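So that you can tell them apart, the chains are marked A, B and C in the order they are listed, and the count of residues begins at 1 in each.
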């Protein structure tokens, strides 16, 4: 076993983990604020991938420069989705919101398939790599980590420093009490759904700069997001970030010890065990 | 048993049987293939309804039992040349046993946590089977053609599987009806409404839920064994397809949550609609978009489903339409 | 002795909600459990019927140590209860709600027999004409009666009533008091939490008073109303409290 292989794998996993964390934060934020498990999460990630694809290939905009456009697009998509599919059933039992967001999933996948078919896509992006001895780190990975950290930082600043952000946290904490305090919870819920969607789409855009993808890539990434979110505690954004990094590291390092195909088995078993024994995640109290 | 003589049950069973026998009498193999899938979906949706509609536990990854039954049955038929009927029963037993063992810890979880756990269980089994070489790994298994000789040829084997799936569908509907009308069913519905109150009223929820989970795992496993026997091959993807699992929930919602006939109507409507949308040239591309939009409309505006809505309309319907 | 509560304590994190409470309930008596808000009365019910098992002490029901046993075990032994905040099984009919009690309570009837018992009990509490209605559709007073009907259908030896009179108007209170007397007339033992002083003092054979989780007095209604500590617990000023207790 080679020490340098371990280092290289760790760096790989860490960089990927940041992007995974960002992706899962979108899911966990929506759950934390409104107790809805968003089954449209996968297609949102895919929308991020295709948004950056269209913007860069058809309009010639650099993928990174395109990100602000993706953010605006995500915000609008999320808010519209909230009012169309979620708002009416926000207080209904979980089955109802699961199926409502699943219907969004079907519609989006259907529409994306019509627009783009299911053939494999990729961005052609050339960035210089960083080299130290035998270890190479791709430039796209470094930029992805930087952007993921930047977005996370912005999210935290927003949630903790701004009035609207504080309102979101108040609604997450106790919606009824927040409403008594004069907070317009419909608007806050819609905005939260929008932000959750932005996170999913930005993560999707970043993943598109790292790997090839298809319209159907969302399914696997959605279940991965579930695993990460549960690992970090449902509704806990910091936990999701940490969970993402753990999963990223796990996927790259364990492949040194066991066949790649066993990694998901391990992940899902851990997922079930955490749900059973630490339902508040690795950070949460029992 | 008094419930078994109820007209509400017999009418449903006879209608399902009559429709199912059409392709056998009129010799329409293509229709038979379609109805095989429909009966399979009725089994799946009715089983999901027992744990979800009666008991209130949203088993999102219920397809896992279809896959477990499918793989167990296939393996036994393939390697031990066991008769498919026996293999299917063993598959059902294995699925029920797994449901029983996993149910004990997992059914302690409530709401969304339970739903997520069942997704995890399905994915864990799918990825696990992908790694087991004896079960064909990621590429799955192909049935040797000679296996069908024991049944008089491929055509006869496929007919036998069809009669088998009819029988399992009728059994599932009967079980669903009997549970709904029993003291046990009343306990389940009390748990669905308020588990803590049910406990104060003398119900042991843990026991009732685990038994229900095991029952609801049995029938999809039989269906899985018959389906993959008929197809002659099995792969992890189709056996543990989460999407199909969610479709079963959609069927339950469409027809009517917690009713006996709801999942049957739901499966029928959903499958017909999808068949129409996929084959019709105008809609085939947009079939997912249209089904999604329809689902959303139902979820938002017709929350009781078709049968639930009808039951709300008059006391007579409430009495005879279960 | 139907029920013996021995040194029962219950802790929630740092809060001691019950502090070494001991008393007994005798056969076929009505025992009133009173105390200011937050005194731990409902917590005591929860500790007794197993919803939140005691952290310390023992609960002996009908001679058996039932400490920490789950609520359904106590229900099957013949202890039933109503909830202060009504908890109907919303999507079931009123009759089905009561049938659940008859099916899974002490006598564990089959569905048909249970349904008959349900009809009898519904008539007894005056909900017969609502039997086919969904429980969710009842008004608050009717839901209170449903709570009682469900508990009675369990054919209990001991019934725990948690503020069945709260929120009822004067006429409804009188009706409910009559029903409680009839229940006792059938040989059922009753322990009841009640804020309505005149009703509880009127109904009870004995009264136990809790304050800050501890028992501060026990005795006949007359003894308890004269007890200085009780009066102080209710109101800072003994004189005001005296008027309050006498006037109801």
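Keep in mind that, in the parts below, a contact is a pair of C-beta atoms (placed from the backbone, for glycine too) under 8 Å apart; a residue touches a chain by one contact, two chains touch by 3 or more.
Quantities reported herein were computed from a predicted structural model and do not represent experimental measurements.
Novice: Going only through chains that touch each other, how many steps at minimum separate subunit A from subunit C?
Specialist: Graph distance in the chain contact network comes out at 2.
Novice: Relative to subunit C, which chain's C-alpha centre is the most remote?
Specialist: Taking each chain's C-alpha mean as its centre, the farthest from subunit C is A.
Novice: With centres defined from CA atoms, tell me which chain sits nearest the overall protein centre.
Specialist: B
Novice: How big is the gap, in whole Å, between where the Cα atoms of subunit A centre and where those of subunit C centre?
Specialist: Distance between chain centres: 50 Å.
Novice: Centre to centre, by mean C-alpha position, how many angstrom separate subunit A and subunit B?
Specialist: 32
Novice: Please report how many Å separate the Cα centroid of subunit B from that of subunit C, as a whole number.
Specialist: Comparing mean C-alpha positions, subunit C is 44 Å from subunit B.
Novice: Check each residue of subunit B and list the ones that touch at least two other chains.
Specialist: Expected reply: no residues.
Novice: Could you list, by residue number, the parts of subunit C that touch subunit B in their complex?
Specialist: That would be residues 49, 51, 70-72, 75-76, 80-81, 83, 87, 89-92, 96, 99-101, 103-106, 108, 110-111, 114, 132, 150, 154 of subunit C.
Novice: Where on subunit A is subunit B touching in the complex?
Specialist: Result: residues 31, 35, 37, 39, 84-85, 88-89, 92-96, 98-100, 102-111, 113-114, 219, 223, 226-227, 230, 234, 259, 261-262, 264-265, 268-269, 271-272, 275-276, 279 of subunit A touch subunit B.
Novice: Taking the touch rule as given, give the residues of subunit B at its contact with subunit A in the complex, in rising order.
Specialist: Residues of subunit B touching subunit A: 52, 58, 60, 105-106, 108-109, 111-113, 115-117, 119-121, 123-124, 127-128, 130-131, 138, 242-243, 246, 249-250, 253, 257, 285-293, 295-296, 299-300, 303.
Novice: What part of subunit B is in contact with subunit C in the complex they form?
Specialist: It comes out as residues 182-183, 186-187, 189-190, 192-194, 196-205, 258, 315.
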